[in-house]
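These are the structures, in structure tokens.
First chain A sits with chain B, and in the next complex the same chain sits with chain C.
Entry: the complex of A and B
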């Protein structure tokens, strides 16, 4: 039954999708915190993302456990104490490019875009809006954005002893290299 | 100063130093080297992907945070940010694979689609594909 519904789902995609959807399974989302005491960096190279150029819809999905830190202990604290990744394994973003008409998808080049949508981290959803760029290239579309988030907005509790080591604002970097989703 | 006070002081200093060194060691500890780590499970990419597709909850319980040694045929090799390499393996499902993210392989050009390969890494879970992190190349056989 599961296979059948998957097949129907895929057929539905195949019918509705042509060159309108772009996808990546190894997109990058990283965050960076700088304080006088310490720089902290977490990188995730396993973000699944879809961009629909007919509507401007953007969807990102990432596993919290895919964030990689240089130090093993940091990764453990990130997963167990702050993100509670066993309880909340995924983070998602569902949004839209609000100025889609200013992008010419048939002409190679870099375009400024504004993206608005719902960012879900730690099972808390917040509206975000950010500026970024879309680069229309021969092999696909590259999307770049940088914005800040505040951990406390997502009910991520950082205890007082450690709080000073982590910037109040985390800088989030998004780099997606989308390829056309071939209709099968 | 009496001898036992000296001994006690020496002991306190020793414990404090050991504590500081131990804390520093733990703080700076890197990830375990997957090339040397003992795998918890040895599976093929097809079996692993099917386990998650059939029952994600059960497979998550079994595999997440475990060290897996996965073998399969390379579907694609893609560069990722910060010099990481993303290798996806062929499974029984054309749209869902096992994606292994490796923190830099000395010569990724030696890997190409169709080759049989064995990788070892930590399982992060399942999105559209089964995701493995911190992977090391164990073996690749030219066909």
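Entry: the complex of A and C
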């Protein structure tokens, strides 16, 4: 019995020690819509994200007002008419790398990963699954992914007058450069 | 001992289940609270006749065309005022995100006008709490009418008038915004000695959003100077209208008792009365062009 508790105790310590968390406060999430009439590009490079390489858990958090556009008016419409960013200031993602075993964190290199999780935009949560890459580098971990979302899935209503200016599918790009989180 | 190991187990299990929420908490602990600046207090740089707290952002050019028709009480013969049109054209540009300038020309007294507006305070919440937005507005107007008496010595300075305003606005919630506008108008030359050179007024205006793209606006200026001695019967301007936003355009439809579309005119020279039906229908059209792209945007 004594041994078992010791084992659990050691295991607990081992988990805490090995629970390596990586973080960034200036990750990039951008979206792009192309139509014959107009290209719309919104970029946010102040995304906060944490990756736990012991479990494969990953979370992102983006402030809607930190998305910036070429045209100030687009930015205003994005916040006021579509995202209602005063009501719903944040967008989050909580997910997990499903094939964590295929990544060797002790060896530098680029690995293909699949991520599944809950994406919350405009206070609506949808399950998404996407392929991406994880690059183990000397200074940290870089993560990249591209996937498509449909605004209507998140109850973002696009009226008829501007419908042909906004692509039905928005391409989302995620670029994270994580650094080890000290002390965690 | 068994109890202790159970205790350990019970510690471990929740960690596994709530790992993502834990990470989210960790994220929140490590990110500083951001300042959330209020945006879009009003749809346009005008509430209706008068300026709103809004500025053109840096690099954006606003081309505005405004009309006020004749009064509704002129009847069917004048097509309720639509046979006569009074107009104002202006080009307005954001130099920085807090400073804008504009030039305009209106056929009311053949007036050229120029203004600057800069923002002093921005309403915000979060890391910095600021209940109101404050902007300072100043303008100069030059009327280019022929001199009424060309035989006497006329000075160019007699054509000038000046306006200073402090715009104080608060966006109370998504649909309701309110603005107070203490105003000062100085006219270098007035029609008769009964008319004061300096006018003091308090403006109040608000908007109520009916849908995401349509809002109901109202605006009133109370002039503090006694009106009974002036050479003309002057009324306080009251305007009621709708903002309609369609992509890059904002249309403002307006009913007002003043004909002029610049501060000097509608604050001090409104001769129409709502009570008598001297109501002008009109509209402002604003079209924004992006001359310089947003600097805050970075490309990866």
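By our rule, the second predicted complex is superposed on the first by the 164 of 184 C-alpha atoms of A that agree within 3 Å, B and C clash if a C-alpha of one lies under 4 Å from a C-alpha of the other, contacts with A are read in each partner's own complex, and residues count from 1 in each chain.
The rule is short, and it goes like this: contacts are C-beta pairs under 8 Å (C-beta built on N, C-alpha and C of every residue); 3 or more make two chains touch, one makes a residue touch a chain.
This one's a predicted model, so the numbers in the text were calculated from it and none came from an experiment.
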| item | value |
| --- | --- |
| Overlay on chain A: chain C relative to chain B, clash or fit | clash |
| Contacts of A:37 with chain B and chain C, given as first, second, both or neither | neither |
| Residue contacts with chain A in the superposition, chain B compared against chain C | C |
| Touched partner set for A:175, first chain B, second chain C, both or neither | both |
| First (chain B), second (chain C), both or neither touched by A:61 | both |
| First (chain B), second (chain C), both or neither touched by A:26 | first |
| First, second, both or neither for A:71, with chain B first and chain C second | both |
| First, second, both or neither for A:94, with chain B first and chain C second | second |
| Stretch of chain C, among 25-33, 79-87 or 205-213, that runs into chain B once the two complexes are superposed | 25-33 |
| Footprint overlap on chain A, comparing chain B with chain C | 2, 25, 28, 30, 43, 45, 48, 61, 63, 65-66, 68, 70-73, 75, 89, 175, 184 |
| Of all residues in chain A, those that touch chain C in their complex | 1-2, 4-5, 8-9, 11-12, 15, 21, 23, 25, 28, 30, 43, 45, 48-50, 52, 55, 57-59, 61, 63, 65-66, 68-73, 75-77, 79-81, 84, 86-87, 89, 92, 94-96, 117, 159, 161-162, 165, 173, 175, 181, 184 |
| Footprint of chain B on chain A - complex, ascending | 2, 10, 25-26, 28, 30, 43, 45-46, 48, 61-63, 65-66, 68, 70-73, 75, 89-90, 175, 184 |
| Contacting residues of chain C [partner chain A, same complex] | 1-2, 4-5, 8-9, 11-12, 15-16, 19-21, 23-24, 26-28, 30-31, 34, 36-40, 56-60, 94, 174, 212-213, 246-248, 288, 290, 293-294, 296-300 |
| Chain B to chain A touching residues, read off their complex | 26-32, 53-54, 60, 64-65, 78, 80-82, 84, 86, 88, 94-95, 99, 101, 103, 124-125, 127-129, 131, 133-134 |
